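One structure, pasted below without further comment.
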Amino acid sequence: MLIINTGGTFNKRYDPIKGELFVPNDNQAVESILESLVIDISLQGVIYKDSLEMDAQDRTFLGQTIAASDAQTVIVIHGTDTMDLSAEYIDMLALDKTVVFTGAMVPFSIDSIEATANLSMAIGYAHNAGKGVYIVMQGVCGEYNTVRKNKAFGRFERGINGV
Amino acid sequence: MLIINTGGTFNKRYDPIKGELFVPNDNQAVESILESLVIDISLQGVIYKDSLEMDAQDRTFLGQTIAASDAQTVIVIHGTDTMDLSAEYIDMLALDKTVVFTGAMVPFSIDSIEATANLSMAIGYAHNAGKGVYIVMQGVCGEYNTVRKNKAFGRFERGINGV
Amino acid sequence: MLIINTGGTFNKRYDPIKGELFVPNDNQAVESILESLVIDISLQGVIYKDSLEMDAQDRTFLGQTIAASDAQTVIVIHGTDTMDLSAEYIDMLALDKTVVFTGAMVPFSIDSIEATANLSMAIGYAHNAGKGVYIVMQGVCGEYNTVRKNKAFGRFERGINGV
Amino acid sequence: MLIINTGGTFNKRYDPIKGELFVPNDNQAVESILESLVIDISLQGVIYKDSLEMDAQDRTFLGQTIAASDAQTVIVIHGTDTMDLSAEYIDMLALDKTVVFTGAMVPFSIDSIEATANLSMAIGYAHNAGKGVYIVMQGVCGEYNTVRKNKAFGRFERGINGV
């Protein structure tokens, strides 16, 4: 199993000099969670962006990274705003792997519970899922096009094709 | 999906008057984790014991509780020392359900990350697991008799039939 | 003793819908700290602003609030960027009270240790301080014009009159 | 200023192998708090005991350690059950220093707020206190013989000579 960390809210930390949150170029949040586990999970950090800034080139690179990996099961930590677009793109690539997208509505540095729950549930879900592309967020688990972010309420929910 | 909370280390809190940890007769730890999720999961608290004190009568009651539930998928939060015995007993009952045991090596009140990771991974794992009895602890996931506690090292690991 | 909470970084929380930190119109952060204490301390919330947005009218109101209180000792929780200006203004009012300004470089919701340390040290410092206006931040304690924020390094330090 | 860490509840951590709390032979809890401060405070760890196990020899050693230090102001982190006895012993030595005892009702590893508040308030209180021996716990501050632990309620309070 491989975790690919692309940044997003999940990873944001506070910069006391600028007085604002930023996406760091590291995997501290994920590493803090993996410390509680005794299994070997590979971890690869790429892109490190807020998902609103993620563009076609980033998605191409994410797809190449997943394709190039030996891992049959890949967890992608991704910003929530365009998680569905990246998942759709990866699905289109038909990589014959199990890919589970997850992230967080609140940074791990602020609410360690939600981020830990999302990543851990994604890992557990991936164990028995077949080939395909999935989203696991806030307890909502399913094929990527059956889970969507409700931006007005700030939470994920069931919904076919974003409807 | 139903979560049955039986107590164990997962739930322990500190009593400042006695100066020691105890298993409370409530589900605060589980509830703190479920607050981060937006899905409906039923929660039932029973027994509330350190698993070293769990006896045959408690296991009978746990089995009856699982059998009596409408839920096809049940997560059991259980102390780690006799988790394998309770899982073996539940397996023997052949209930035709998906039952996943989990718990924590360190109380949620001390290390919220490990307890949250274990419960969340158990929930994710249960989604696609077939009928059977499983243990999910510290990232180790599998049929109950393939996961065991290494008491000398204080962690869970793979191992057939406790060997 | 009275705590006046004016907002600032100390109080900021994360809004998952907007994806940004904000100064809430409440005193949750302070209340979380006071829960650990067994003494009676009055708490009054006013203004609730980032200190960069605090203007002359706000400072006038802060001065009136301190003057109107029966308390001889007042702790003011304030944003760090203009803490020195507000302290100077309060000093100018010559209120014949002990007034200690404090705050945080990182929100309590992100780093509960620093915010708790600052507020608690301010309370302890106020006990034996004479009449006057003081700043207590990150362990640096003294008359208001001997403690300054080093904005380049994001921390407080000793320095006469901001030099 | 010197902090002498003698152990006690303040420092207790959980041992997942034994399944119980213990007083570690290190200063991790204090160091975690000092990281939020930008001032230089010396830190010396000694004895490392639950205060119920502290004996006359330990108190003699604590007194010698305080006397031998160059510091005029000393914070002593101490278990709460015999904090008053150690404070009385140090007072008897008439060391012509400012000595402030503090500790915690709940370990820093379980409730970081209370432990941080107590230590920080003790540091703030020490700044302006005269020579003497004091206790600062849960917001209660005063000469050592005016502050006592109410063991039935698990909290500190005002009370002359333990009455």
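A, B, C and D label the chains in the order they appear, each numbered from 1.
To be clear about the criterion, a contact is a pair of C-beta atoms (placed from the backbone, for glycine too) under 8 Å apart; a residue touches a chain by one contact, two chains touch by 3 or more.
Note that the coordinates shown come from a computational prediction; the quantities given were computed from them, not determined experimentally.
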| item | value |
| --- | --- |
| Shortest contact path, chain A to chain C, counted in steps | 1 |
| Same or different residue numbers at the chain A/chain B copy interface, by half rule | same |
| Reference chain A; chain at largest CA-centroid distance | D |
| Cα-centroid distance, chain A relative to chain B, in whole angstrom | 27 |
| Centre-to-centre distance between chain C and chain B (centres being mean Cα positions), rounded to whole Å | 45 |
| Chain D, residues touching no fewer than two other chains | 111, 155 |
| Touching pairs among all chains present in the structure | A-B, A-C, B-D, C-D |
| Chain A - residues contacting chain C, complex | 9, 14, 16-17, 19-21, 105-107, 109-111, 151-155 |
| Residues on chain B engaged by chain A in the complex (per definition of touch) | 32-33, 35-39, 41, 111-114, 116-129, 136, 138-141, 155-157 |
